[in-house]
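Consider the two complexes below, in which chain A is the common component and chain B and chain C are the respective partners.
Here is the complex of A and B:
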């Protein structure tokens, strides 16, 4: 394609250059065409429906343009609280997952490969049962008349049933359990790839094990931690089943409100507006987070 | 969730299209009937759908769905393959008001001996259920709560409560507990400040409500496990729990009388046949048979008179005359006009 634009006076080497650039172009198109099925899927399954939802949120059922769906979101205080709950639950779940998942991934990364693989199977085991089953299992364990309260009271650890479920506590327990593998996997992969000789060098230069962990290992594991936390946070934002079953009606997240809008009120416009706002808020939050991360890495650029 | 739902919508549109092509080539004497599956549809199938199909000399194909919103999606897409859909009365009224259902022809469907308030323009009642107050018999024994005022009385009847998460059927008990007589409830709710009054009353009880239930399976589960001591819910579910040995009893006193019904989606392929089918399953003999499977009452009063339902059993059914007399029929017109507003206020109260 670059041949017609090439200068009229071409030497042999120019010819070669043109051929090379043509090859490069062809290669680029081939690469692109390899990705084409994926692009097509993303376009059909993601861009089109999301665009359609955005479109729906600006129109009434009869097709007139309206902002009413967005006005409701501002006028009714419950919507602000629902968004707040959604982000709060997601952030808490992510934080707890990070605190629990980091030591676990660290432990696994220090094991010999065979033992680590066994641990990995244990981490992945929950994926083999359905999310719904796991959630209901937590309900059976945590409720007032459940196993944990039953045993706890029989052992005399507490005398009144603890409110472990049908509230935020139960929701977080269930969500952390489901989300934990999503942070352990990227962390483990990241930690495995950290060059051990760096730690040895640190020790050689007089760093204590604690120092070399904080100053060498931890910073190098940040990419894994960020990736895992990001996945967990984003998946949490759309959670539906677990807060519904374990929240006892007290933890209303955006997804649950969307379901009500469609199932009960047949109101696609309002549901779409909720989806659109959640999407925009999430992008905004991630943008802020990435800016902060960039600033942090600039500050920490010394090492 | 946004992505999932929309993806689902696109996928279902594609499937609907494909099914539509197949449906068009099928014989004219076949009806497609859709219900909620499970024990409920099994009972419908055995007592209503298949016997009625046999009587009419047609075949009835059964499918399941989750709610009338599925049918609305089909109507919007112009690819209706369902002839009859089972629905709750409230969601049918909303879908009807939205123009997604065919107006029923009551010259074809005979509802002359129906229990009052058990049919509407777009949906003919199939069975009657009640939203009742139930309690744990182990907690309260013989000294059990008897009215909504007792439900609200946390001093006389201490214990954990559970109440409905959505607004349907939630405001009426609160007003009755606040001293409004049953026949004035919707009048008060329609007057300015009525909804607020009910919500204020629920707010009073809020600290004692440990679970806000959102499905029938859930409220049955809560009582079966003894997780709460007092609850609102659908009578048939509690009967099943009691049969399984759960410590639960309930009263029809001040309960809300509601019904499940059958509708025809707008543009149904066999509309006229569907009307005839609805007339057939509204007949007393089918309805009496249906009560053998589940404790929901017939909408056709004559079902009690043909000798198929014993007096003992009738006393357990929501639509038997002695039980109808002590209940408040749900006012669907009020819901069509006010539910979105009431739901917003309810949601505010819940998330506070």
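Here is the complex of A and C:
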């Protein structure tokens, strides 16, 4: 459309275009600046020290550049065992948390909002106490002369004290207890967001409650399950207090070994190498898991 | 047109209360086999509750629901064999279009080849051939609506229920889908119950309309009758536009002020009643009153151009008013008085409808 006034309008809007794009740029920087304090904290408290540790792992105590710290990790079987224990304990804790947390989250998601909120407070209650206190409480409960063994034997359920602590069992009990809320929270949020009319639709189309759970509800809750499991697994990898107290020295995870390396041997290079390898292995594992998940969801989407 | 397998539905004395709130109050409804029946009412009237009872998602407190001769009041939803189209479509987001439509067939252990054939046919029927591999989030609102429809029809249910299925679509698409749904119904002949609060939709699609108000069926009739012969002020106001005049009845004779009102319908009891006037039923009358017409003198107080029609407000004095519509063509516009605002309106005796005054 050509009118006599058209050229004037265009040149006017060109003047404005420059000003408007400048405004947009300023606005974007203002928004970014909101993240600056957080970024500064992350940089100073995380990136710098982790980078420094990584750097340290390539030097001996005397300051000579070396790969000896990494060679030790491969050559000494004790290190391989420590990594194996770490991943095994983390995976077991995650699996048990998933099995215990899923029904709980499901139950809560089906409650009316008020009751669900009360349940949520109950789930979060342990966070009000310190981790250390909770871990020692388990020690009191689980030891040979502890409450559980005492009652169990008095009731005649078993005759010899069960070895509930200072081993893998005790470690898992303590870790599952502490980690459970971390999987319940994302699962619950995810399940709440699943549209109930989908389950009605499934029933309407002929699905029994069991069928609609397996075919509709469970697949739709997978994102929450994955998120929760991931959080638990990663937190477990770096867990120190609970395996130390409840494992009784029999469950040595990477974090324990790092502490020993530094406290006892003052070997910063070796400790740093352990940290770096754990980080890399974790990334590797998550990458494999995400690839697997993608393939699974591709299969699930079709027929 | 009813197919041979179509079922009729008997709803008898169905009641549902949530605490002190009575949602449905002793509702009786007979849906004929192969009929397209619409439950029409304002929100909160109980129409959706009634539909949910037919689907089995809501249990009534008492009463009886028969599909054909089968009592279903305690039957679980998955055993009812009714297809439902949900208001938000309720398509499974983790399955593609074909898997959504195949879902009811898979549950019925239909063979793979048969499933493929029927999914194909269902997609054809809703004009989505070739969309089977699409994800749900790749579809537009109208396409989702069609997939939901295909999924509800593919297992050849005994009854089809629809809960405001078109309310999320824009006006043009909605009107297109209304005609398509109607066409599909005529082809399949399955007994269909349709819930809407849109009166135009109800008038367009239904064989019969049940107008629901406050948990009771206010009127059940064909669209034409519901519109032209509503049985209450509520129905008259809910369907179509209308204005009302207070009429006094003495000795079987109706009078508006001093004018005798001639009405064709059933005789009205002495007392007060309402004269219902639809905007398109009134005409502008020149000069003397004509035979077979009830006439009203008034003054034009408002003219609004609405595209196809002019909407005219006429004040009769004493707080009474009549709204009329004049086609916005040269003939219609010429009939309007120019210069003066005085006007005489006429309503034929055949169009004159008297309603009981509920107050």
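Things worth noting here:
To be clear about the criterion, the second predicted complex is superposed on the first by the 274 of 303 C-alpha atoms of A that agree within 3 Å, B and C clash if a C-alpha of one lies under 4 Å from a C-alpha of the other, contacts with A are read in each partner's own complex, and residues count from 1 in each chain.
Simple rule for what comes next: a residue touches a chain if its C-beta (ideal position, glycine included) is under 8 Å from a C-beta of that chain, and two chains touch if they have at least 3 such contacts.
Because the structure is a prediction, the values reported are computed rather than measured.
With both complexes brought onto chain A, simultaneous placement of chain B and chain C is permitted, the two fitting side by side without a clash. Of the two partner chains, chain B is the only one that A:254 touches; chain C does not reach it.
When the two complexes are overlaid on their common chain A, residue A:195 makes contact with chain C while staying clear of chain B. In the overlay built on the shared chain, the residue A:204 is in contact with chain C alone; chain B does not reach it. When the two structures are aligned on the shared chain, A:154 is found in touch with neither chain B nor chain C. Counting the residues of chain A that each partner touches, chain B and chain C differ, and the larger count belongs to B. Once chain A of one complex is fitted onto chain A of the other, the partner contacts of A:220 are limited to chain C, with no touch recorded for chain B.
Once the two complexes are laid over each other on the shared chain, residue contacts for A:113 go to neither chain B nor chain C.
Taking every C-alpha atom of chain B against every C-alpha atom of chain C, the smallest gap after superposition is 38 Å.
Residues 1-7, 9-10, 66-69, 72, 91, 94-95, 98, 100, 160, 165-166, 210-214, 225-227, 339-340, 343-344, 347-348, 350-352 of chain B touch chain A in their complex. Listing the residues of chain A that touch chain B in their complex gives 44-46, 48-50, 52-53, 61, 72, 76-78, 81-82, 85, 143-145, 163, 166, 238, 240, 244, 248-250, 252, 254-255, 257-258, 260, 262-267, 271-272, 275-276, 278-279. Against chain C, in their complex, chain A makes its touches with residues 195, 197-198, 200-208, 211, 215-216, 219-220, 300-303. Of all the residues in chain C, the ones that touch chain A in their complex are 55-57, 76-78, 80-84, 86-88, 90-96, 98-99, 102-104, 107-108, 135, 151-152, 155.
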